[in-house]
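So, here's a batch of structures to check.
What follows is chain A paired twice: with chain B in the first complex and chain C in the second.
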Partner chain A sequence: MEYYVAIGSIIGIHAMLGLSVYLVAISGQMSFGQQGFFALGAYLAGLSTALWGLHLLPALVLGVVVAAAVGLLVGFPALRVRGLYLAIATFGFGEIVRLAFLNVRYTRRIGDRVVGPNASEGFRHVRYIYDRGITPLEYLGIILLALVVVVILFYFLERSKLGAKLRAVEEDEVAASMIGINVTRVKVFGFTVAAGVAGLAGGLFIHYSSYIDHDMVALPLAIASVTYPIFGGLGSFVGPLLGAVALVGLTESLRTLHGAREFIYGALIILTMLFRPRGIVDEALVLRVKGWLPLRAARRPAPAP
Partner chain B sequence: MRRSLICGAAGLLAAFLLWPGWAVAFEGEGTVRIGGMWPLSGPASFFGKAAFGLASLAVDEINEAGGLVVGGKRVKLALYSQDEACVAEQGLAVVKRLATVDKVLFSLGPGCSSVAEPVFGTLQKKLDDRSDTGLQLLFFTDIATKFGLAKLSPWAFRNTPDEPGMYDFVVKYLKEKHPDFKTVMVSYESDFAHSAATWNIALKPALERHKHHQVVEVVDWRWLDNEFGAQVTRLRKANADIYFSLTHTPSTCPSLRELKRQRVRPKIVVGITSLAGTEVLQQCPDVAEGVIAPSNFAPITPRAKQVADKAWERYKADSNIHSVPAYENVHLMKGLIEKAGIKNTEESLLSDRRKVRDLLATVGTFQGVVGKITMRPEDDPVKPRDVDKDLLLVQIRSAKWDIFWVPDHLKQN
Partner chain C sequence: MSTVLLDGTEQLINGLMYGCFYALIGGGFTLLFGVLRRFNLAYGSTIMAGAYAGLIPVYLFNAPVLVLFVTTIVVSVLVGLLVEFCCFRFLRKGHELAPLMTTIGMLIVIDETIVYLTDAVGLKYPAPFGDESLALGPFLIRPDYLAILVVSVVSFSAIFYLLYRTRFGRAMRAVAERPDAAQILGVSVRHVNVLTFVLTSALAGIIGFFAAVSVGSARPEMAAWLTGKGLVVMVLGGLGSFPGAIVGGLALGVLEFEAVWFLGSSYRDILAFAILFLVLIVRPGGLLGTRTA
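Right after this comes the complex of A and B.
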């Protein structure tokens, strides 16, 4: 049971990271820097509970707020560029954060332990959940609750005017600006919210793992976070959720194949890109599924005579 | 029809994804399950596969000799190995799998210190603390070498090198044997916990303590980098007498090639402990010629030679400073399991783990492949549940590891 709880926890955290990339992607951008916001959220939330003695909830909120604030600051200059240039700029941001944590020392001795970010030694002893008797199953509940909150946010966002504006910017920035959409504001909004979601994932992760170091927020995490929405699909927020479930699940179920699983993993992604370039849950599938739903069908207007 | 097909495919995919490999329910019939988590894929798999091979050899030897006696019954050892791929998150899943799906009595590994950090961090911190929900699984680690890891939990024990002690000896040795070599330059991998810790926690304090050498240059790179021109140029300008290359083979070989290309010729090159295996001999024996490495293992005794030959013959496993402890640990644990009075049932698993843990904490000195090994007690203020063992210095000569220095009592063997 605890094994599935562990997998569920990792899926929940990675799904949030995938949703963070997805939100940037639906405004037509691609970010390879969400791991930077993940790291900010992780370190801030970890410091809050392990060093400053805060409760988990304000610690997570602090991580989200700081990550979102940095997202806002980074968003304005970064979103002046687009496409490949934006991908490189955001990856550069992720590397700056990572290298900053490689050098940051802010420790305090608590009992016989040195707690706090300790440069390349990493940030140990973030044992809030273990020391307070929170079981892994209960913590999975906390992760899933956070995920549900994020999903509800995305659900309403996608159905709101703002969501339509994000999609419009993705389709054609020039056309969107011509109908009165403030493209920069919309993109920066998406980037800021996405940064906050990544910060939340980071805060939850450090309390799950009890430890983080600069190497855990490097390029592989950036690639994984981008892969979830690309593989799962960009047609709906269900895409990155499906991507995280499928790819983390695949990593686990093929574990006994050792090196061979990397080939299978890679081949699966290539095949998906070949046959479903917008991911499994693409816009066409979303429309088709909506057509299957009886309520939707009932509401559908009668065809023109 | 098409909708059914899609739903069916989705269901099959979900079932496949949630199937935990080839795990079976706990039976406890005729076997004692032991676990191991190592990097069996990815760039660090050389170490993981070697440790897996040596652990498998020890299990084979025990089973071929009739197994072990538990509760008056003769049972076999069964090794459940999992690939942690040197990725922290995978390690966090694997440890739960070993503990709750494979239901092992104890586990060897992890291989990477960056995996051991979160894995040990999520173990129970205080024994008998009911408010602590940390995992209660005994680890007897063979590879993860970063200083201080066993301090993280009373469930973590290690048979790994004492690197601060080793580099202290190396610095002292160089000071005594080569007093005229005074300048030192260093390279390490900033993104590899073991490498960075070897510099920051082992070598740097030793150099400061002995107050003989002057550090004239320190460069760093990432462990999978493949371009070292700028850093080696700085080393060339430093032109120190002694070069400490605290990097692992994937970056050591190309950096040593760059040193040769730029004609950097330190008088002595000392490597990281992990270098003392066959990987470096396969990849760059030419440029690594003359490199010295501190180690706890070399095939210098008849038993060590026999183990190394058998491991290679059966599993193509390299016997080195990190893999041989896996072999030693399995043999030690076999005796402890027999003594601990475990019941070896699913219901008794937690108390069985605790019994074996408590016995391991009192083990004191035991026989290793090369010499005696001493487990430090739990209340040791510096490195509880870590070991002290014989230090050797080995050197690459004619594309082979050869003895550079051994303690007198091992020379007699």
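Right after this comes the complex of A and C.
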């Protein structure tokens, strides 16, 4: 049971990271730096509960706000470049954050423990959920609740005018600007919200695992977060959710296979891309599914008499 | 000469020599990117696979370093061809992200195979150039860095000759410029792609050899480290510009060595990425790039 609770928590947190990359991706950009916002959210939320004695909710909110604010600051200059340049620029940002935390020391002795970011030792002893007697199952509930909130946000975002603008920018930036869309503003908006979502994932993660260090927010996390939406599909927010569930679930269920596990993981990604280059839930699939829904059919205009 | 100036100059020389190594990595990434317009994230793993494979004859037969060097190159080429076959050949056209993902898949496959076979332990690499520093006037120079300098100059000359003086080079540049137009004029794009993979993978073998020699061991962390440096150099120089990769590599080498000497090693990587970020924003096309992002 504990095992499944742990997997569920990891899936919830990684799904948020996947959604974060997805939101950048639907405006046609690719970010390899969401782990930087994840780290910012984790450190801020961890500091808030462990050192400043805040309640979990304001701590998470603080993490989200700081991550989003940094996203806004980074997004303005960074989104001047696109494509591979942006991927590499954002990866550079992620590495800067990681290396900064590798050097930051801000600790206090609480009881017999040294709490706080401690350079290469990482940030240990974030014991909020243990001290409050929150069980892992209850904490899984908190993670899933947060995920549901994010998914509802995405659901409405996709159906809103703003969502349409993001898609329009992906399709053709010039055409989008011709019909009066402020391309930069739309892209920076998407990037900022995405940074906030990654920060939320980070804040939830540090309270789940009770510690974080710079190794946990390096290139492998960047690759994982990018893999979920591209594997799962960029047609709808269901894609990254599916990607996170499928890939984390796969990794866990193959745990007994040792060496072969990662091999199958890698081979599966290659095969999926060969047959479905835009992921499993691509735009074509989304349109087809929408066609099946009776709700959609009812809204179709009545045939002309 | 004051000590600061003296130290600064010594680090400049070291930086330039090590920068040649960065230029080799960046050059490999750049050639692939220039021709394919795609990004091969498995390149670092190709390099690592070669470096590990080179150790097999050494451990089995106690083979000399030359055999190690040749094995490294041969295995890198084979792995490169595997990457081309699995990740690029059958991919449908017009999807930017798919090749990124397939090479990530390949990266995972290669890295994990190596980790599985070696239990993630670093393997000792022979030191063919000794570890005695050479004195050049007042400066001390590492012999393996000197070897890197010589081999890079030879490799770059060979690549420049190939690119600008041979039929294949012309075909490569034609495909890099306009693949469809080149195809119409009778250049086999697939042929050029495969040969580009052979060329860059042979380069990967050379890189792998020196990467392992300069730290004294082959380690699984190599791949990520090489990929990071390769990307930084490629972007600094301008995507797809081969001379740009050389300039970018030298610049990064000098910068890192001076930073380590004057600021301490913890600032080395931060500085590299900060510069990368700034260059991207101020000059999105890279130092020598002409294409805008």
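The rule we apply is simple: the second predicted complex is superposed on the first by the 300 of 305 C-alpha atoms of A that agree within 3 Å, B and C clash if a C-alpha of one lies under 4 Å from a C-alpha of the other, contacts with A are read in each partner's own complex, and residues count from 1 in each chain.
Everything below uses one rule, namely that a residue touches a chain if its C-beta (ideal position, glycine included) is under 8 Å from a C-beta of that chain, and two chains touch if they have at least 3 such contacts.
Not measured: the values here are computed from a predicted model.
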- Would you mind checking whether chain B and chain C clash or fit side by side on chain A after the superposition? clash
- Message: If we overlay the two complexes on their shared chain A, which of chain B and chain C does A:187 touch? Say first, second, both or neither.
- Response: neither
- Item | Which of chain B and chain C A:10 touches, first, second, both or neither | first
- Contacts of A:231 with chain B and chain C, given as first, second, both or neither: second
- Query: A:92 contacts which: chain B (first), chain C (second), both, neither?
  - Reply: second
- In the superposed arrangement, does A:270 touch chain B (first), chain C (second), both or neither? second
- Query: Should A:245 be classified as contacting the first partner (chain B), the second (chain C), both, or neither?
  - Reply: first
- Message: For A:102, using the defined touch cut-off, is the partner it touches chain B, chain C, both, or neither? Pick first, second, both or neither.
- Response: both
- Query: Which partner does A:124 contact after superposing on A: first (chain B), second (chain C), both, neither?
  - Reply: first
- Message: Quick check on the superposed pair: does A:207 touch chain B, chain C, both, or neither? Answer first, second, both or neither.
- Response: neither
- Note on the structure: Dual-contact residues of chain A (chain B, chain C) 102, 218, 258-259, 261-262
- Could you please specify the touching residues of chain A with respect to chain B in the complex? 1-7, 10, 102, 120-122, 124-127, 129-136, 208-211, 213-216, 218, 220, 245-246, 249-256, 258-259, 261-262, 292
- Under the touch definition given earlier, write down the residues of chain B that touch chain A in their complex. 3, 13, 16-22, 40-42, 45, 82-83, 87-90, 92-97, 99-101, 114, 117-118, 121-122, 124-125, 130-135, 152, 190-193, 196-197, 200
- Query: Mind pulling up the chain A residues that touch chain C in the complex?
  - Reply: 25, 30, 77-78, 80-86, 88-89, 91-93, 95-96, 99-100, 102-103, 218-219, 223, 226-227, 230-231, 234, 258-259, 261-263, 265-270, 272-274, 277-278
- Note: in the complex, chain C contacts chain A through residues 39, 86-87, 90-92, 95-102, 104-109, 111-113, 115-116, 224, 227-228, 231-232, 235, 239, 266, 269-270, 273-274, 276-277, 280-281, 284, 293
